[in-house]
Amino acid sequence: MKKRVIVTGVIGADVHAVGNKILAYALEEAGFHVVNLGVMVSQEEYIEAALETNADAILVSSLYGHGEIDCNGLRDKCDEAGLKDIILLAGGNIVVGKQDFKEVEKRFMDMGFTKVYPPGTQPETTIEDLNLMFAKK
Amino acid sequence: MEIKNKKIANDAFFAERKEVLKQWPTGEGVDFDEVVNYQKSIPDSKRFGKKLINAELKGETLIQPRAGVALPKEHIELLRFLETEGEADLLPTTVDAYTRLNRYDEAQAGIDKSKEAGRSMLNGFPIVNYGVEICRSVTSALDNPVQVRHGTPDARLLTEISIAGGFTSYEGGGISYNIPYSKNHSLEKTIAHWQYTDRLVGLYEEAGVSINREPFGPLTGTLVAPCISNSVAVLESLLAAEQGVKDLTVGYGQCGNLIQDVAAIRSLKLMTREYLDKFGYSDVKVTTVFHQWMGGFPQDEAKSFGVISWGAAAAVLGKATKVIVKTPHEAMGIPTKEANAAGLRASKQLTSMLKDQSFTEIPAVILESDIIMNEMRCILDKVEELGKGDFAAGTVAAFEAGVIDVPFAPSRFNSGKVMPARDNTGAVRLLSVGNIPLSEDLLKFHREKLEQRAAFEKRPVSFQMVIDDVYAIGKGFLIGRPK
Amino acid sequence: MEIKNKKIANDAFFAERKEVLKQWPTGEGVDFDEVVNYQKSIPDSKRFGKKLINAELKGETLIQPRAGVALPKEHIELLRFLETEGEADLLPTTVDAYTRLNRYDEAQAGIDKSKEAGRSMLNGFPIVNYGVEICRSVTSALDNPVQVRHGTPDARLLTEISIAGGFTSYEGGGISYNIPYSKNHSLEKTIAHWQYTDRLVGLYEEAGVSINREPFGPLTGTLVAPCISNSVAVLESLLAAEQGVKDLTVGYGQCGNLIQDVAAIRSLKLMTREYLDKFGYSDVKVTTVFHQWMGGFPQDEAKSFGVISWGAAAAVLGKATKVIVKTPHEAMGIPTKEANAAGLRASKQLTSMLKDQSFTEIPAVILESDIIMNEMRCILDKVEELGKGDFAAGTVAAFEAGVIDVPFAPSRFNSGKVMPARDNTGAVRLLSVGNIPLSEDLLKFHREKLEQRAAFEKRPVSFQMVIDDVYAIGKGFLIGRPK
Amino acid sequence: MKKRVIVTGVIGADVHAVGNKILAYALEEAGFHVVNLGVMVSQEEYIEAALETNADAILVSSLYGHGEIDCNGLRDKCDEAGLKDIILLAGGNIVVGKQDFKEVEKRFMDMGFTKVYPPGTQPETTIEDLNLMFAKK
């Protein structure tokens, strides 16, 4: 079976590299083909990479608190670029401060993300969810 | 560009300065002589360096939080709260992420939005946009000395406005505010930018105003072996001293094994002193800062208190001059002022309770500290060799060659071959040394230490250990053992 | 009454037992053989001694809270909460103050009032009033082993019902549950009562049911020098072993200086083993318990987290088998279950984070532990001498003579001449030794240590130091320095 | 000037001895004549001692949580014994658990105490207050 292709990266002006490296490694180990863009990735770079590699999902990390601003509009740009139903996930510390995750989730779902993850999400969870989502497709 | 560890000539400096002060309108507000007078009017009790040196002499460990919000009034309130309710000895002003990237327009938008919303929409205090007067209204409103903490590769204008604004200490360095904080800035560039900052501090020093300077010790904060971060600290100290800086605080981020942590602070202090003396900077004062665990924290607040307290304890037992304090909200996001003050008070309890106990001279610490110093000599000798005696050129070459290599760093100028892992007592060792030029003896030492762990865990030494170790503290452990 | 350290003869024991079981109607519910069967049906995972010995072998430190409320349903909920939300490894059932004084009528009134009010009006769980079945409903509802913790001078009936009720560990001793917990009970009496408890445990042991026994280490919890509490622990171990107890956990309450604390646990373990072996009880298992700071706590919760964490750290670094955990409400009053669980989680973070680090064999610890062992020998030799070879009679005589003397104890059978104070590193030394028969060398050692502090503080060694030290931790310090 | 006489002790079945010893010492040092009854003191014992020594104040300590039960009725007994306006203070950890001190204070004032002190009260405060109260008399 062809390996599923996943684009990963940390959005905006965010330089938190540790989780990104670890997550990319874990996804590789789990059998995905990972295209890791590293830190400080712009919305355009995600889309370019996804188009180039014919990706099945984009995993956006944001740690530094400006995630809400940085992620806004990404789904629209995906749509425009023809990545119609691409799986779009967000995780990390995606908002400023300790907030009720239910509300944060809603805001990101409204922005068009397929699923949103709270701080401290383990790679196992991510991998399980991805496998489920791919199974459904 | 050929970077050299040479004091910037006055002509060149002032020519550059003219450009720097034009980078944003608030630059105009800086007048060197006026600043000298203003800084001289700040009482000793509010001078960072003075308070540090007093603590160092008394063998005490001071506590300092991180904190910064978008609006001056709220920022002052926050810092007042941290000195009254948090019993902070030293105060910070953490700068927002836009300012760190010199995106002052976006910072302005953040200020405007924050004013509208009536609450902070930035993750720090945008010093450059506010300019000299507003900064002075902050620094003068507080009882304790205030330092600027940021993570800015090109911090020249920020330095100008910070010192003019009455801050008496300034964090950062050409290596430590590049490699962990940037992807694309070249080291030549950032070292040059920080030579500017250090030269400016040197000029103030010559004018009778002493500004404390602090290289950022923890780097990526995640399993950075002491020899790596300590070497960077020594290099940044040499670079700063050459530009005329006279008051340095070198730092280290807690790894978690008490012996290694105390040894790291001990060796950091000894080696910085040794290198400064050796290269003719014996009039530079050296104090130390210990950062409570800088990697991933537990989600749970009570568990975070455990991590915070252990960090405070290690800092005191290692006789660090100050400790940078985390909060019980660390894993969740920017803390409320209450959470910040709580982290401070837990730390204060320990810095005062344990101040009469010292572990710096116990045999196990001396042994470990000798190892770190040997490792540092391997690295620093090579840097000197690569730079043909010049530590600035040597640093650039060393990163290129992977002689210095910071684990997990985002910078593309970092080689990224080094992989750290904990040994069977939790001390951080090197699983892959990459091109770090350790002696055969030292290589053997690291290998043996990791083999001991492998034998105990009944699995081979492998990258899985690194992964497990990155998660360990967040999951309640120090060493990432297999299930 | 002439007390002797001799195993109670069966006839005498069973005659006494008849009376004991009549002290309150629930005594009738105890049938030895039925209890043996019931206890044998308890799985190993819920047996206190098993879990302790496993931890000891693995070099791990388990965590245990204090907790008890008036009503069974609430009590079960509380303990379930502490094992799930607090991650407690071992559970307690703390008994109310009326039961401790055998005032079962008043305890009954407390139960009735609590039922009416729907919340606990007692400061613990009244085991005797509830009797065997209700106790079994508690112990069987939990996943972890449960111990009875109290402070009862005459605990004979309480022991009967506790063991019958499925508890697998039992705290207390004829000295340690008298001197700190009572004003008027004579030592002869309480030692005799606790010989009963220990003999009962011995009989169960002979029937194949092992109950863990724990002398109460911290005594008054306030500046008790290790040699005093350790000597009491050895004596209670000898008394218990003579009655057939085979599983002992000896304890110590944190003083705050890490070297001394680790040395105290080390010497406690070594000396208990040595004395048990020497007097023919080499088949008795010995584990250790470290109590987080037992004296006055800071009012502030964050600061309390600092104290709690430091206690957990010292316990692990000293390789104690378990640590008894305080809560952030300590200074205020009986904690909510949330506060209790928070103290546990902070402690758990450290017991698991630091489990691979040990300080028990560092030179400074060995030195201090040798001193404590020498002090203990001075005391224990004298006890043996006073008792003409009998440690029960010797204990009574020793308290009378002030050879053993517990600081701040309420008992009128305690001489009260000893005054402890901290030395310049925070270790607890003796300012007045009273009649504790320390050798000339040791006396000189204590004097010199306190003189060092006096010189540092520029004031004479005096009672004011004691006062200052009692308040110190509550005020955020370890040593009570003059202002 | 004659030394003021103060009766101290820990009420009920409470054995917390440390604060009692320290407080008694501090009061002596401050120039009072202290009659310290130690721990486990009954209401009757306080009254007897106060009568015998012609005391100016009774300081009741309670630490273990049953203070409210133990202190109930003490003022009445004082009145009956002829200790009409004797200063009656309570301190320590006088109730079970962490409670709002304002309410605790009210309950104890209603019981007839002259003044009530929260956990952690320093001897300096106690001494200052006593001096003020005696000055007024």
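Going by the order they are written in, the chains are A, B, C and D; count residues from 1 in each one.
As a working rule, a residue touches a chain if its C-beta (ideal position, glycine included) is under 8 Å from a C-beta of that chain, and two chains touch if they have at least 3 such contacts.
Fair warning: this is a prediction, and the values are worked out from it, not measured in the lab.
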Problem set entry | Fewest touching-chain hops separating chain A from chain D | 3
Problem set entry | Where chain B and chain D are represented by their mean Cα positions, the distance between them in whole Å | 54
For this session: Using mean C-alpha positions as chain centres, tell me how far chain C is from chain D in Å, no decimals.
Result: 30
For this session: Could you put a whole-Å number on the gap between the CA centroids of chain B and chain C?
Result: 45
Exercise. Could you say which residues in chain A touch two or more other chains, in rising order?
Worked result: none
Problem set entry | Per-residue multi-chain contacts in chain B, two or more chains | none
Exercise. Chain adjacency by touch: line, ring, star, complete or other shape?
Worked result: line
Problem set entry | Chains touching one another, given as label pairs in label order | A-B, B-C, C-D
For this session: Using the touch rule from the top, collect the residues of chain C that touch chain B in their complex.
Result: 256-259, 298, 300-310, 312-313, 317, 341-350, 352-354, 356-357, 362-364, 424-426, 473, 476-479
For this session: Please give the residue numbers of chain A that touch chain B in the complex, ascending.
Result: 13-19, 21-22, 25-26, 38-40, 64-66, 93, 95-99, 119-120, 122
Problem set entry | Touch list for chain B against partner chain A, complex | 97-98, 100-101, 103, 120-121, 123, 180-184, 220, 222, 295-296, 299, 329, 331-336, 339, 408-410, 463, 467, 470-471, 474
